[in-house]
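Please go over the structures that come below.
Two complexes are shown next, each including chain A; its partner changes from chain B in the first to chain C in the second.
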Partner chain A sequence: MDRIGEAAISAIFVVWWAVSALNQFHSGAWTHRLRGHVPFGLIPLWTFFAPNPARTDTRIVWRAEQAEGGWSGWREIYFGYAPVWRRWIVNPEMTFNKAVNDLVNSVARVRPETSERGILLVSSYLTLLSLVEAEAATDRPEAVQFAVVRTAIGAEARDFSIVFLSEPHAAGGTLAHVQQS
Partner chain B sequence: MEKAAPSGKLTALELVSIDFAITALQAAGHKINDVAKDDNPRQQQAEAWMDAHHPLAELTDRDREIIGQIKQLAGQLSSRVSLKGLLEAREKIVRGG
Partner chain C sequence: MFSSPDLLASRLIFVGLVIEAIEMLALRGAFADGGVFSRSNIGILTAGTRWQMRIGATFGGPGLIGAAMGVQLAAAIVALVQGLGTPSGIAAALVCLATCGYLRSRRQIGGSGAEQLTFIVLVTFGLVMLAGGTPAARRIGDVFVAALLLLAYFASGASKAVAPIWRGGALAGVFSTECYGLVGLGRLLARHPWMDRLLCWSLIVWECLFPLVLIAPKPVIVASFAIGVVFHVSCAFVMGLNRFFWAFCGCYPSVWVTAMLLR
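Showing the complex of A and B:
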C-alpha cells in the first residue's frame, strides 16, 4: 500500500513537472487551456526577467476622418503612468495600461488562428475599437482608425514600432460593452 | 525640440514619425494582419511580460470556441464596417443565429 501511495505521489510530481516544463515554451500557449483548470497558479511561467526583460510600453494611437474629407493627425489614448514615489502603493494608472496590454495581447494571440478579417469580430479588437470610438466621439468623425505602437527607450530618443494597424471603421455607431457569453 | 519622458505621452514629433511609418507600411502594401511580425523581439518581450503577469481579463477562450463562425461571417462584412455593425455580427454568432 505504501508503495502504491509513493508511486501515486511520484506520478503527480512527474506530471506537474512535465506540465510546468511545457509551460515555458511559446509563452505557455500549449498549456493555456489546462492552466484555466489549475487553481492557485500552480503551473509556473518564468519569463519575467529572462531571457528578454520587457522594456516596452504599449500605446494606442488613433485618427479620425472628418466629414469634409481627410484624416486628422494621429493622437494617443494616454492614461498616464504613476510617479515612481507612489507607484509601489497607489497605482490606478496601471489598471488602464495593463488592460490595453491585455487587449493587444489577446489580438496578437487570436490573430494567427483566424482569417485576415476575422480579427474584426474578436472581442479584444472590438473592445479596443470601442475605446477609440469613445475617445473620438467629441470630434463627431465619419470614420476612425487605430494602431498599436510599442515604444522603448533608445540611445537618444524613444524607439517605436508599429505592431498593428486597424481597418478604417465608420463611426457614429453605438458604444457597448462586449459580452463574453 | 520636445524631450520625451520614457513613459510620457507621445510628443507631436513622435506622432508625425508614426504617421510617416504607417504611411510607408501602407505604401509597401501591408494589410491589417501582416504589420506585426512574430520575429519582432520587442513583441516577444512584451508577450513574455504579459504572460508572466497573467492577464486581468482573458478574452481569447470564447473567441477560439467560435473561430469557425468568425471566419465565415467576417468574409461577409462590408469595408469600413462600423462598431455597431461588428457588434451585431458578433451577437449573431454568439446567439447561434
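Showing the complex of A and C:
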C-alpha cells in the first residue's frame, strides 16, 4: 500500500514540477490555459522582479462629482507603507500594495485593440471601480472617476506619471454620461 | 525538511506562517464590506473563472478570517515547537494547510512568491502524509521541494540575465520606490552605477548557479546556503520582503537531503 502511495505522489510531483518549469517561459504563456483550471496558484511563476522590476509605486487616485455639480479634487486611496524599522519582520501594508499592483497590472494587460470600451467589462477594472466607490461613498457623489498614477523618488524630487484614466462612472454601478472636465 | 523534522531549520516555514497570521489579523478589516478583499470585490474578480477557482472565494468576512488566522497562529506555533515528526506537529501542519488554502482562495490578490512557496510546501506535506508518511514518502517530498527551490532560483536568475534592465543595473530604480526601497541606498546606487551592476550580476550568477549545489562538495553547499541567508535577510531589511527568508531558507534542508541522496 505504501509503495502505491509513494509511486502515486512521485508521479504527481514529476508532472507538477514539469508544468511549473514550463510556466517559467514567456511569463507563463504556454500554461495559461492550464492555470485557469488549477486553483490556489499551485503553478508558480518565479521570475521575481524580472524582466521588468518595479521601479515605481502604483497609486490609485479618484475624484467625485457632487450633486450640485463640479468635481472634487483628486484624492488617493492610501494604504501606507510599513516603516523601515519593522517592515523586515511584519509588513501587512505590502499585501495591500501588492493587491493594488495585481489589479493594475491585470488592467494594463488588456489590449486596447480588443475593444475600445472592452476594459469596462474586465474584472480587475470593475474591482478598482468598486474600491473607489466604497472610498467615495461617504461623499454621496453623483459620479466617480479614478486614475492610476505611478510614482518614484528621483534624484531631485518625486517623479510621477498617469498611466490610466477611467471614464466617469455614475455612483451605484451604471455608466455616467457626463462630460470629462 | 520532511526527512529531518528534528532540525530547527526544517521548521522555518512555520515562522513565516506565524507572521502571515499576525499580518492577516491586522488586515482582517479589509475583508469587510467596502474593504479591498470584501466578498463583493472578490466576487467580481472571480466571476468569470471556473468553479474550482471560486471555492471559498466569497465565504466569510473579517470574523471568519480572524478565526482562521487565530487557528493558524496557534497551529504554526505548535508545528514550530513540535516539528513534523510528531502526531501533534503533523496535525498542526495540516491545519496550516487548511487555513492557508482558505486565505489564498478568499483573498485572491496581494499574495507573494513566499506565500506561494509556503503553500506548495504544505500541499506537498499533505500528499506525503496521504501516501503514508513513510520515510521514503518524506524523502520523495523533500526531493520535490528541493527541485522546486532550484527551479525558483534558476528561473529568477535566468529571467534577470536575459533582461537588459537587470544586466545594466536595476536596483537603483527598485530602491527608489516607497514600497520596496530605501531612498538613501537608491540614490547611492544611482550615483555609482557600477555598484548597481555588480549587485545585479552577483545576484544573477548566484541564482543561476544555485542548482549546482546538488553535485557540489559540502563546503560549497554550505557557502551557497550562507549566501542565500544573507540575500534573503538583505531583501527583508532593504525591500521589506519579510517572508521570503522563512519560505526559501526553510526549504534548504530539503536541498541538503536531496544533495546527500545523490552522493
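Structure notes:
Going forward, the second predicted complex is superposed on the first by the 115 of 181 C-alpha atoms of A that agree within 3 Å, B and C clash if a C-alpha of one lies under 4 Å from a C-alpha of the other, contacts with A are read in each partner's own complex, and residues count from 1 in each chain.
Operating definition for what follows: a residue touches a chain if its C-beta (ideal position, glycine included) is under 8 Å from a C-beta of that chain, and two chains touch if they have at least 3 such contacts.
Here the structure is a predicted model, which means the values were calculated and not measured.
Contact with both chain B and chain C is seen for A:Ser124 once the two complexes are overlaid on the shared chain.
With both structures placed on the common chain, the touch criterion links A:His37 to chain C but leaves chain B unconnected. When the shared chain is aligned, no partner comes close enough to touch A:Val15: not chain B, not chain C. With both structures placed on the common chain, the touch criterion links A:Leu103 to chain B and to chain C.
Within the superposed three-chain model, A:Thr95 lies in touch with chain B and with chain C [touch as defined at top].
Applying the stated contact rule after C-alpha superposition, one finds that A:Asp57 touches each of chain B and chain C.
Of the two partner chains, chain B is the only one touched by A:Arg75; chain C is not.
Residue by residue along chain A, chain B and chain C are tallied for touches, and B comes out ahead. In the superposition on chain A, contact of A:Val149 is made with chain B only, not with chain C.
Residues 36, 41, 46-48, 52-57, 81, 95, 98-99, 102-103, 123-124, 126-127, 130, 151-153 of chain A are contacted both by chain B in one complex and by chain C in the other.
Chain contact summary for the complex, chain A toward chain B: residues 27-28, 33, 36, 41, 45-48, 52-59, 61, 73-76, 78, 80-81, 95, 98-99, 101-103, 105-106, 108-111, 113-124, 126-127, 129-130, 133, 143, 147-153, 157-158, 160-176, 178-181. Residues 4, 6-10, 14-19, 21-22, 25-26, 30-33, 35-36, 40-64, 67, 70-71, 73-75, 77, 79-87, 89-91, 93-94 of chain B are the ones that touch chain A when the two sit in their complex. Per the touch definition, chain C reaches chain A in the complex via residues 19, 22-24, 26-27, 30, 33-38, 40-41, 44-50, 52-53, 55, 101, 104-105, 107, 109-113, 116-117, 119-120, 123-124, 127-128, 130-132, 134, 136-137, 140-141, 143-144, 147-148, 151-152, 155-156, 158-160, 162-163, 165-166, 170, 173-174, 176-183, 186-187, 190, 236-237, 240-242. On the chain A side of its complex with chain C, the touching residues are 1-2, 5-6, 8-10, 12-13, 16-17, 20-21, 24, 36-42, 44, 46-57, 79, 81-82, 84, 87-92, 94-100, 102-103, 123-124, 126-127, 130-131, 134, 137, 151-155.
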